[in-house]
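Can you read through this structure? Questions will come right after.
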């Protein structure tokens, strides 16, 4: 089994809302330096899906990530949980792109890797929350794809996927090679064991530049964008919360009910 | 190259009727088309679509294209992609809208890359930039901690829209519009994935996405037993019970009840948030609620910045008397 | 993790370069002096000459940008300079030069032209700066600039300044420039009515008078040579209708508080004082190990051993936090935390040391003083808590850095 | 500059995964439940700890351990202390392993250490007796040789986590003579042996410490760890090396309590303002921060000295003195800052208060280590 998992290092979405600051001119969002970045939670779930297949069917997992200012002990977690190789697309010309530039760069890198049965992606990146790159790679490589997987199994050449849909799930069959985006329902990424920490120490990531994957400069980074970001802002909350008081909490609750009736909400 | 004109909605038929989000898309599409001075059309696929087509016209469409084929009855990536791509190349719309639904999340990205046209996912606001005539697409990012305004450089300009972010028009059966049947010419060999089975997860009572009143519990509830009280209150109000991610992760509630970035998006009229802090990941799923009522012991909890009404205190003391009073009021 | 302070190969190489340079450039007859009270004017002039020589080499402000005359060096080189200069009882920057406070304010809030004008002379040691913050009314609450506060009125392209500042500067000689905080109208809201200036010290209408304080000179807390602030005689400065050109204003009018906070964090930053140990304390432990009289007392009275343990514990924490700050892993509150700790420990160590070593420690001359009045200097620090900011002002900074109540 | 007090890449990864483990496997609700039991750790939780490889963290790879340096174990213990995770982990994986490594002979290491790494055996040290002392003259329990076996008689008091341990390491006197250090042997006693009675010492703050009565307990000759009559040196070596790791656990606990107090100072509003704005509250929290930071950096330096084989006794006595006091005082101050609600059994501070008292005397209380430090500073 040759598996590829696409990962993205992002600002920690669990950071407290007030710690985010936005630079209005540069349309960029920041967190204080001491809050370390994380691997996008959905990509971690995609990695877990690949690891479970490797546990049962054996094979090799290549983790692939595009980005900049990688924090080594964050991104090398992929190796620590069981990926066999980590490839980083890191170059200033990759910066400032949207889903189209990212999907193109990752697709070119996957072509260079050459062998793959299943490509795993997260259902969306937990920073820009779009969910475009997985489908983009599938389209660019001419692969069938299944999105929002919550269970993945393989029997000889076909993959059986339970896909989240409405109030239940669909069971879908897809031949390899294919691309699968994974949803959080699949479960949390396994914890890093001490053996994994040792393993991550020993394996060094491979870094590729655009020229290493023969990428067309006009289609990566900001030049490859199909969308323009005009404004980034914090939604301002105008609501003024009316705190209902009372002798004690129980009485306050009664007053709340009356207030809601008065506001025709009950 | 002929000029792109008009707004095209990709409709969905769920459990034999027009999906709520499709009506919302028609409402929003109508406004955009009027601002552009152009026509609003829709596409419905599946079998026995004609009755839904006329309903779509009553909700604002000028023209509805229908594609009938048993193979299109259930959503299948490759066939729907091929069908929709054909329609879009034929109609040459300026704007294509889909719902942010399991279908939309799968189809829109593929279509965007297939046609090398930008798609903005999960938009909550759409407008036309009066000077440039371009579609302004506003979507939440960073788990709801921020919002971004985009435009697309390519045509058609495509977007999926978060359910309950837009409102449908009043139904007007006297509206006139034409229904045009298109032969889908399905090529079954294009189908690379095969749907084997659809499994329904039985959910007691009303689905949380459709409930007008929601009672949601957070980690502060402390355990599955606490949720029984929430069920009583929801039952009284003919609403449903929702949960935050920590609650679902701890196994106190099924995943189908989870509200938030990684759960469902709801926009009820009344959202009663009990013992939950209101993290941005959770608010991403319920900030669309018309009125939020918060019960939390921590006055600084973020939920109080989102709520219109609230009590500061222990929910175990507040809920019993709240339920009693509601029961009393409903009797009158 | 690595706690070693010994030089790396590069540092060793740089240290050789520094030592060689010092041999040629330390002015003839310049004596290492630990007790600032014993500084003669002649020694003071030699140190000024030495300051200019260091400045020309870029080693006076080693980590500031070369573009403005700084050394452009890293912490490794800065550390070597501190160690090598300590052998001449010389600290960086020298002689209570408040350039260490004024420079970051200019860098942060000054115009490009002001940077080019003010910074090179300061970094080359040609200009010494005194900071004029404290007023009779505004002590720890530096923003509370009241009645006889320094006030200014804008007249055309210059300002007219009146009022008084106290507890200023340290050395008998006058500096070339003042860095001061003044108030515009008296009733504007707090923090919005302040403006900062860097002015020549000899503008007409300025008078400087020494304040005779009983602690004629206080020794740098317990930080030894690595402490930046060797205290001396304090002064008060009067302003009578002093005309200050607009070009002397740092930052915009009313932005004095932002300019000041850029400074306070440095002054109260505590740097990594104490990281290299502290020769007052080392002297003390030497006495405990080898002075027969002290050893006899320690063996007879276990309570005195407790004093030794208390001093040892404080010294270790101070040293370790200094290393932590030097290694940059302490977090925002680490600077003021160490500065506060250095100050408070002075008051704790002094009585313990007095119990163990006996009354000789108060003699600063003659046969009685111990290790050329090493401990007499140590005792002064326990009294001079205010210079460089009162302990309470540090607590305010720590609480802000830890976002208490925010 | 060699000076670099940042964690290494692997240590940061280990810290992050340990904190993830605590969030997933030992949130407050779980810790509260564990504190109400005599065992402090369920089988399921212990197996998860073993699965992480943590039971063998400092055991050399030659004995199926992970062979990590003490500083890495310190990073792990600090994360576990943030719970604080109750149970036998420190006593078995750290102190137990070290005793076998320092005092045991090669065969014993090959037999016992893999069992510890795989979590099959759980050890705890039964050293102190009713006349509470960490010195050799405190060992009164006797072990008499009887045709190849040893028969043990005596009472051990304040033995930690005895209910969870599969084996006790019992220090007993196999010979009496002038020098109390001489004549002490270490025995690996199966906790199910006949003649043993194990009773928990009652008390809200006593944690899980036990009285073990040994009444004619017969053990085979092979139960003797290392050499007869001179087990004391090996035992002291092991205790000295494990002390900074116990301190790391207390550093994690102290830091967690500081963060709870800081969070409370922001959310608790009194007199119309968050209480973190009042200087009296700020002073208390500053004192807490100073305690935690003093404990942290004395602990890390002690661990560094041990890992780089530098003389470490001075640092070890210092950090034990400071860390035990720090954990105790930080909890006391936190109750002052938070007051009321912090006294409820559900409140995380109460978990730490109980741990800070239960672990206060373990391996020597602050006064004991202060005295030993004094002997180093002022040669007698």
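The letters A, B, C and D name the chains in turn, as written, and every chain counts its residues from 1.
The working rule: a residue touches a chain if its C-beta (ideal position, glycine included) is under 8 Å from a C-beta of that chain, and two chains touch if they have at least 3 such contacts.
The shown structure was predicted, so the numbers you read here are calculated from the model rather than taken from an experiment.
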Any chain that touches chain D and chain C: none
Between A-B and A-D, the pair with more C-beta contacts: A-B
Taking each chain's C-alpha mean as its centre, the one farthest from chain D: B
Central chain (by mean CA position): A
Chain centre separation in whole Å, for chain C relative to chain A (CA means): 50
Averaged-CA centre spacing for the pair chain C and chain B, given as whole angstrom: 63
Intercentroid distance (Cα basis), chain D paired with chain A, Å: 40
Chain A and chain B: spacing of chain centres that average the CA atoms, whole Å: 22
Pairwise chain contacts, counting only pairs that touch as defined: A-B, A-D, B-D, C-D
Residues of chain D defined as touching chain A within the complex: 9-10, 12-14, 16-17, 20-21, 24, 51-54, 56-57, 66, 68
Chain D - residues contacting chain C, complex: 1-8, 71, 262, 265-266, 273-279, 281-283, 285-286, 289-290, 293-294, 297-298, 300-301, 303-305, 318, 321-322, 370, 373-374, 377-380
Sites on chain B touched by chain D in the complex: 222, 298-300
In the complex with chain D, residue positions of chain C that touch it: 1-6, 8, 11, 75-76, 79, 285, 288-289, 295, 298-299, 302, 305-306, 308-309, 312-313, 316-317, 320-321, 323-324, 326-329, 333, 337, 340-341, 395, 398-399, 402-406
Complex contact set, residues of chain D against chain B: 29, 266-267, 269, 274
